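Below you will find the structure I want to go over with you.
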């Protein structure tokens, strides 16, 4: 018996508000945390919020485009995490800390 | 209703069971007085040297990054594999094969580049 | 009824752990909380009739990306941060205010338009969730083929870039 | 979970039973492991407590409960306690998604004065449409317990063990995931049940328009995917951190790896997780490549059904006759011969088949452990990235080409 | 293969060569660089052969191959396509460009073998080839303009190739700036044509132009043609903008051969021929063109008689020959102009390469007074150079004779011609014969004045094979355009292949009035004039080397004026550049310092103050940046929602 009609009867607005809350939390994390890696995690949180919105609309509109977008967003997020962490490691090697303010010293 | 709930229920049950076990161990276990030597990190009975935690090679994290990237590429193959026969039946077998062939070519190039650049070497 | 309860349980878990993620002092705790958030979101995706995406969320996010985060944090051997947040009282307030404004705008948009779409309660939903992963695949390889190949290339570039960046001379590669 | 109290109850009980089964396989396997190693190494092994030393494990379990609950200095308390609990989850969730036997159809029946049914119970914790992705996703969570344990212990050997273990796990996950693409190409579904049903036939395929049929062999995945099966099996060894891939606990280098600082029941929980993982591995191996609970032409459903029918019809009256207890009227139905009982019995017979296959693989795990030496760490990683991953790729491409050629027009 | 692909390849192959050599420009491997560049060039030659073959196979009336790639830009009703077209006119051009270009590439392998940066050189050469083809193939004025600018750039880069020598760098800059003046005129011409006719496509332009009413000197077509002609004087070194070309000889000699003799400088001629259908509508401009062409021919020829630098002599000769071509187009002799363009490409490239061979042999010595008697030491160079010499002074049956005489005949007999134009042309031809013979005498014949420490030697095969090919072409190249009068008396009556080929694509000025007798007479006069001056030169510089000295002393001031190139550069300096500089200085010292600077200081202080404040906002704090972004989003969305 496949999954069907599982959590749909709460209505679309619940999901959207949840997503907005998640997004805001991620944003606060990005804006306020000191640690670069935590900031990266907050970005992932924001991306997840967006994913949730995509999936919600995709489901309620019976349209698969949203799910594919989520698939792509996940890929990009993973790529971004890879590069971001590589940079964080480089920063750490130089300063022995991963505070965001060390990025001020990166001057081309 | 749904089959999601059992998954959730099982997860809850397992967590409950785990907490139970930990509690049981905490309740029934003897609690002798802790001594300094005993609560030190275990290093085969010798007195610990250096820091408790240690720097580990960057290699691990590089492996993890490469894993993520390849993992996603593999995940992309799953829907492809699922729809493969549908495409073949619709007479588009070569199209779907070619689509993945390009992707796989990139994948293989990446893999061999990593191997050649010695990013995967462990001493 | 049941589904509402379930939704609220999941939503509470998600929000609580998301909150912990952005406030915990120890970055490793942050990462672990975020992992739990991701797993719960995966379940929410299952509930939203997107089982394949939920599975991918588990494999990619919870299973790979967050493991990477945790690994890197352990690699750094960071102590708990005494001050987890950036300096500046005024700018801090401004930041919270701007986040609040964004949330206000978003919720305003949601409540204004959600009903207009006629989707506020219930809705058509997915016709046949069992078939979705197959339909998804067919769509991915027809309409989105170019994006798919481009992503393959992107991943290759990231791999090359990560290796290159990690070659930067530094201290910890000693052993 | 169900539409009425009976279905909910049965489903929940079923789930608990499956979990308990997973937990209980641990002492059994430990016993097999110890006796087996003794057998291979020409010694006795545990043989004092109970027949063949079987109750040794019970004694051990009791002993574990009364061990000291030790918490090392400088450790992170919350994570330290959460790690063993985390170790249980992946294996349990994954195992519950694998079908252990065929679904049971229950027709309407009367009990406690009301009519129940009809029902269809799947012989597994829950059925998920995208079973394979779900199982992969859940088992990829296993890395967390290792990392958490290793880090929370504040012990450098633990941390090394954890990092090694998780690096190894994720490295082999690639080969594992890729080897499954072959299976997906063949069966075109994520659903375990459908995969098993597709394998429950005589071996037959079309070859350039020619129908080839080998009626005496079952339609198992291993006949189509020998290379994939080998890669999957080897990767599974690494995923479970079993010899010859048990580097995380290489005693000579790392004491006991990530659970160095754990003792008593908490360490036992890691063991449960690990053996649970082995169980899942064997079950997946059986499901993907060896027909799951089915035996194809060797033991068809009709045969078993007929057998069950005979047993039920001949035994039920005997029981009623022998017991001769004045049951309340409402319970009488339990002992009457009915199609439901036949179905249940059939399912359990196939469950026995499944268990038999799984046990063979579990024995293989044990046998290999006491046969092969351990790899060096660089060899291990080289094998994963430079040998198995390319071979799995080759297998995928080959399968795709063959499927394309065979299924075209 | 379709023509779209082929024409695209013609552009892309040299571009690939440019990339290949340009990306490894530090390499000293001149063989690899040269072989790749020559290969690309040779492949384009093969492609142009194929294309011309396709063109020939079409019926004469519709010999056009066109290829549209994409819409380049659209703005309102203005729309330009990136499109190519090939017809009879540019078929000749692409053959000449790629053919001569390939030979010069091959020659360069030997010539540049001792250079520091051969890869860079070949990269520029290929880039030039690409731009030249773009110029020639473009089916509208804008694509042509891209090529036009591109060849200017390459010319600049190659003149200043040895930029460490400040004089050479300055020569490059002079060429560039002079060209800019012309290009400004060209652009104005394009704008005017577009405003008047609403299109920039050649075919459309020519089709629509006749419908525009034309009034005397101030009609739009006349003005446009005038502007276009200014552009042509810049690129093709005509009065008054010819001054850059002699200085451009600072570049490597093969470059002089390719760019400043055979191809780029003829772009102006090509452009006018391409737009002949429009120029024909502006008779006044035609007259100006003819006069300027004739004057340039004479002026440059007289300067050429007095120069001592072998390359300078050839440069003035080029200017003079270009003058002939403009004289030709000015009197409506479009076919002869194209004909002369082609033959000139052969013999002038040959002579430049020959001079390059001599310079190479003389260890970078360019002064003819230090040469002489090289005939024995460099027999092949001498022989091929002599072919070029005979061709340029117009001795039948060499190539130059037919084309030059055809132009002279038109200048006399065409409805737009005038006997005075013919006289100037004939005198210039005489001068040409004089200075060319003088060059031959001083370089190859007579006594050797070579300094003892230099040991001239014959050049390697990569250098003399192109010479031989070009010499062959200089001899036979004229035979495809034999005029009627001559072919009438020749056995078999060879047809005027070129004339028949070109005539459908060109505008006509009407019937030429004049009898065969007059034509024969004029021909005889000009040939004998050339012969006499050649003999005089031989007499002066070989038989009696002391005589030139005497004559120069006798002529005194006139000789000085000519020797100093009529003081044109000095006049430019005194009358144009210096007043401009003075004016600028005045503006700077009074208006700028006292007035404009004040304003800017105030503004600057304001900006500085603001910057002081804004600087604190972007101290590199990434999170603050994120905050600004989010605030920006808030404001934008609020604005959108409210608005």
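Just so it is clear, A, B, C, D and E label the chains in written order, and each chain counts residues from 1 on its own.
Just so it is clear, contacts are C-beta pairs under 8 Å (C-beta built on N, C-alpha and C of every residue); 3 or more make two chains touch, one makes a residue touch a chain.
All of these numbers come straight from a predicted model, not from anything done at the bench.
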{"item": "Any chain in contact with chain A as well as chain D", "value": "B, C"}
{"item": "Most remote chain, CA-based centroid, reference being chain E", "value": "D"}
{"item": "Higher-contact pair (C-beta pairs counted), B-D versus A-B", "value": "B-D"}
{"item": "For chain A paired with chain E, centre-to-centre distance based on mean C-alpha positions, whole Å", "value": "61"}
{"item": "Cα-centroid distance, chain C relative to chain D, in whole angstrom", "value": "30"}
{"item": "Averaged-CA centre spacing for the pair chain E and chain B, given as whole angstrom", "value": "68"}
{"item": "Between chain C and chain E, centroid-to-centroid distance (C-alpha), Å", "value": "64"}
{"item": "Junction residues of chain A, two or more chains touched", "value": "1-7, 27, 31-32, 74-75, 78-79, 81-82, 85-86, 89, 100-101"}
{"item": "Chain D, residues touching no fewer than two other chains", "value": "127-129, 133, 151, 159, 163, 167, 170, 173, 190"}
{"item": "Residues of chain B touching at least two other chains", "value": "1-5, 7, 53-54, 56, 58, 60-61, 64-65, 67-69, 71-72, 75-76, 82-83, 86, 107, 114"}
{"item": "Touching residues (chain side chain E, partner chain C) in the complex", "value": "623-624, 627, 630-631, 633-634, 637-638, 641"}
{"item": "Residue ranges of chain B touching chain A (in the complex, touch as defined)", "value": "1-4, 58, 61, 65, 68-69, 72, 76"}
{"item": "Residues on chain B engaged by chain D in the complex (per definition of touch)", "value": "1-3, 5-7, 9-11, 13-15, 17-19, 21-22, 24-26, 28-32, 39-44, 50-54, 56, 60, 63-64, 67, 70-71, 74-75, 77-78, 81-86, 88-89, 91, 93-94, 97, 100, 104, 107-108, 111, 114-115, 120-123"}
{"item": "Chain C-touching residues of chain D, taken from the complex the two chains share", "value": "76, 79, 128-130, 133-134, 136-138, 140-141, 143-144, 147-148, 150-151, 159, 162-163, 166-167, 170, 173, 190"}
{"item": "Footprint of chain C on chain A - complex, ascending", "value": "2-18, 20-29, 31-35, 37-38, 40-42, 44-45, 48, 51-52, 55-56, 58-62, 64-65, 67-68, 70-72, 74-79, 81-83, 85-90, 92-94, 96, 98, 100-101"}
